[in-house]
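Okay, got some structures for you below.
You will see chain A twice below: alongside chain B first, and alongside chain C after that.
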Partner chain A sequence: MPDTWRRFRRHRLALFGLALLAVLVAAVVFGPFLLPYDGERIDFAAKDLPPSLTHPMGTDELGRDQFSRVLDGGRLTLGVAASAVLVSLVLGVLVGAVAGYAGGLLDSALMRGVDIFYSLPALFVVILLVSLFGPGFLTIVVGIAALTWMNTARLVRASYLTLKEREFVEAARALGVPPTRIALRHILPNALGPVIVTATLGLAIAILIESGLSFLGLGFNPPQATWGGMLQESQRPVISEGHWWRGFFPGLMIFLTVLAANFVGDGLRDALDPRAAGRRRGA
Partner chain B sequence: MTAPLLEVRDLRVRFDGDDGSVSAVNGVSFAVAPGEALALVGESGSGKSVSMLSVMGLLPPVARVEAGEVLWRGRDLLRLSERELQGVRGREVAMVYQDPQSSLNPALTVGTQLTMVLRHHLGLGRRAARARAAELLALVGIPEPQRRLDEYPHRFSGGQRQRILIALALACDPRLLIADEPTTALDVTIQAQILDLVRRLREQLEMAIVWITHDLGVVAGLVDRVAVMYGGTIVEEAPVRELFAAPSHPYTVGLLAAMPRLDEPRSARLRSIPGAPQSLAAPPVACPFAPRCEWAVARCSEELPALRPAGPLARAACHRADEVRARTEATVTR
Partner chain C sequence: MVTYLTRRLLMSVPLLIGISIVVFGLLQATPGGPLSNGGEGAGAQLNPEQIERLRDEYGLDDPLPVQYLSWAGGIVTGDWGTSLRTGRPVLEMIADRLPATLLLIGLAFVISLAIAIPVGIVAARRQHSTFDYVATGVSFAGFATPSFWFGLMLLFLFSYSLGWLPSSGLEDLRETHTGLDGLWDRVKHLIMPVAVLALVTAASLTRYVRASMLEVLDQDYIRTARGSGLPERTVVMRHALKNAAIPVVTVAVLAIPELFLGTAITETIFSIPGIGRLFIESADQRDYPVLLGILVIASLLVVLANIVADLLYALLDPRIAYA
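Moving on to the complex of A and B:
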């Protein structure tokens, strides 16, 4: 792991991405405590203001401070995205590891399950979930996870298939290490590299899906703000009234987060895969 | 002889492939006494590794034990469940593999790998396991063991990694160490160091050793007895001195003649045994070595010779063992 960090540090964009992510997270976690406005406080005296020093991101038609709302919404957006990635990761790793390590019938059964999830129309699933359980934090996290875990499962399964044939696994068996412990302690650490990379990229995808859902009105209900939801509310004001700041800032936040996550993912991929690092040096 | 630690009786193993099956081990029997060191010598495909893998219950899925018993202190290992075997492997019988580069987990520190085994088999606590792991590294001659516990395998040299593998195998004080050509991947000086280490550890820990190799020279100074394998059977078994002094099987004679010697002119070409070993589709009905044997007579391709006494402490599976022995005894005592 120290080697990984050393290689990661050499990757400028990744470091930049990591710093950006840190700033974004700190801002949405601590920001709302520091700002003078409450994101949900209505003040008709200050409605539809363009960005200024008092309202750096302007206000909306109810006079709510956009900057506060963006930070408030960021909490939910990032929280949903992180939770969804976590759920999707745990599920994917579990299914992939069991399938790859056990092999045989169990493997076939689990992989057909993956195929089924792949072939489900994404929008339909989410609409179904939301209409059944209502648009809550849990529903949306589960919905996003249900759409994204299969990649991880396939990736982990492939890793397990090759890793379980490696000699150190055989050597561990010869030392009497039981199979579950081999799968967890010996193989998992070797399979986790690519998974961590997909996780960072998955964060970006999760944010985009959540934004998409909110944009379609399937996300959280107003007045609760999320970046995607704010983007959706901004449609009319931006198009018919020219209030560009309504859409620009939430969009900018999504853009920055996704960009940062992608940079970090890229850097991690190079740092965790020694062959990629070798190519880099050779080139 | 005291009750053997390990006794293999008439072991037969087949490999089922897509293009027919192969008889890899055809009725192998041998015994290892407590504290004794035995070498299993033979070329690739002679069944030496397969025999020992069946002892460990680690045969690949395509292999099938057709008959035989593997008695470990009286218990038949072939009849144990996988779970019971896990308690024997690493605890009572441990194995060191050929390739130190790939037998250690690259993603775990050496300390983690050692403590995992210690905690699993001996139920040691975290601290005790770590202390013992450092002791083990010191035992196999790794300097600064405390510090190096936290390093990953790639920070160690090939010889050091083989030492670590030996430490892993010795972690729980096994009674038997199976070494599957552990020195082949190392260069000669490191090879000598590892052999020294094993010799020292054997005296110190009083464990039995089965050393699998294709190189008679490597084991000469290490083991008590040698079993020579050919075509999935043991063709000769003898105390190491007797085997070198007066081999009774033509194949052993050939193996010894094929070794480079210091006391011969350097221009002499290395002798080889003509022909190549064949893999057998069925258990042999005649001597498997007959097609390559300069001593072969008609009977050799008709009747399978049994392993029978051929000298004071030697046994050989050859119809003409007595004649072969008489000849080798008569020639220079090397």
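Moving on to the complex of A and C:
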């Protein structure tokens, strides 16, 4: 692990991504307490203002400060994305571990399941789920997780397949350690490396799916703001009234977060697998 | 070759059955069943007798396996049911919307390739040059740009501010244009939607072309070709490109279903009457026969693209045996 961190630090874009991600998360978590405005406060005297020093991201037709709303919305957007990634990881690790450790018929059955979920048209199925069950934290989190766990499952299964043949596992077995304990305590920690990469890249995907849903009007109900939801509200003001700031800043936040997560994910992948990284760079 | 294809097709049958069960099961898991819409959607205006009749018509009181078999049987024999919203056959509604979507996907696909192939090759040839850094930077950015944000900003710039491009639809509905003028009208309507749809595909394909080219240019046989005095152009275009293309073709084919899904957002932003828009409208109204129909098409597309990708891979790479 120290080696991995040393290689990761050499990856300048990844470091930049990590710093950016840290700043964004800090801004979203602590920002609302530091700003002079409340994101929900309506002030008709200050409606539809373009960005200025007092309102760096402008205001909307109700005079709400967009900067405060963007930070508020970010908390929900990032919260949903992080929860979705967590559920997706738990599901993927569980399926992958069981398939890889048990092998045989159970393994084939679970892997056919993975194939089926891989072939589902993900975005359409999430849209269907949300429209059938109604938008809400749980539906959106489960919907995203249900269509993104397969990568993790394949990776974990592959790790288990190789790890369970290794000497330390054999030693544990010879000592009479029960199989579940071997799978959880001895193999699992060694199988999690590649999963971290999937998790980071998964965060980017989850943010894009959640924002896309909100943009299509299938996200959280107003006044609960998310970045995608703010973009959806901004369609008319941007296209018909030219209030570009309404859409520009929420979208910029999505863009920066996804970019940062991708940088970190790529850096982690290179750091965990330096030989493949060399090949990728053509060295 | 034929045996390979047959085997591959046969292998996808259980997969398709599995997918259809999952898709069908999703709708059954709706709280209260497909027709109880909690006061929204297509079922909202119906009185209890009508609901009873519809339940009967759609066989909603039959056991689930029977319902599934009759639905799946209908899909195979071409009876995809009728829309709850319009009462028209689902297949007919999909067929109406297909041309617009195919046009968008086709153009976006061709343009993505037209950007990705030359940019990827040049970036790989001049690795670490300014061109390479700019191309890599732009493709990273393109990959992280939410398509709806990109579309909205394009609309602000080219429709609202500059007034160069129309903001919605596929053609000017106020007056008819003929000949070249008509063609130009179509082009103007398509520029922004195609750009939005192609963005992510172009970005990711550029990265693949570059990476694949870099790997091939590093091979011994390329050094041999250069060493034997062949002009650089021949080395790159004749010797390297052929092998670099193999993984790219696979990725490109698999991008087609992604483009299909992307139309949901693109067609919504630009009010284009295609399949993606139809899906969103039907989801709003919980028009489940239409939703199921579109899901079937999208799943078929994913499975088919995978088969075609495998097939092309086998065709292009002589090291892979068909058997």
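In the analysis below, the second predicted complex is superposed on the first by the 264 of 283 C-alpha atoms of A that agree within 3 Å, B and C clash if a C-alpha of one lies under 4 Å from a C-alpha of the other, contacts with A are read in each partner's own complex, and residues count from 1 in each chain.
What we mean here is this: a contact is a pair of C-beta atoms (placed from the backbone, for glycine too) under 8 Å apart; a residue touches a chain by one contact, two chains touch by 3 or more.
Nothing here was measured: the structure is a model prediction, and the numbers come from that model.
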For A:Arg12, select first, second, both or neither according to whether it touches chain B, chain C, the two together, or no partner. neither
Per the contact definition in the header, classify A:Lys47: touching chain B only (first), chain C only (second), both, or neither. neither
Kindly classify A:Arg236 by the partners it touches after superposition: chain B alone (first), chain C alone (second), both, or neither? neither
Is A:Ile127 contacted by the first partner chain B, the second partner chain C, both or neither? second
Thinking of the overlay built on chain A, is A:Val177 touched by chain B (first), by chain C (second), by both, or by neither? first
Broader residue contact with chain A after superposition on the shared chain, chain B or chain C: C
Taking the touch rule as given, give the residues of chain C at its contact with chain A in the complex, in rising order. 14-15, 18-19, 22-23, 26-27, 29-31, 38, 124, 127, 140-141, 143-149, 152-153, 155-156, 159-161, 167, 211, 214-215, 217-218, 257, 260-262, 264-265, 268-269, 279-280, 283-284, 286, 291, 294-295, 298-299, 301-303, 306
Using the touch rule from the top, collect the residues of chain A that touch chain C in their complex. 112-113, 115-117, 119-125, 127-129, 131-134, 204, 208, 211-212, 215-218, 228, 231, 234-235, 238-240, 242, 244, 247-248, 250-252, 254-255, 258-259, 262-263, 279-282
Applying the document's contact rule, which stretches of chain B touch chain A when the two form their complex? 56, 58, 83, 85-91, 94-95, 97, 99, 102-108, 112, 116-117, 120-121, 165, 168-169, 171
Show which residues of chain A lie in contact with chain B when the two form their complex. 166-168, 170-178, 181, 185-186, 189-190
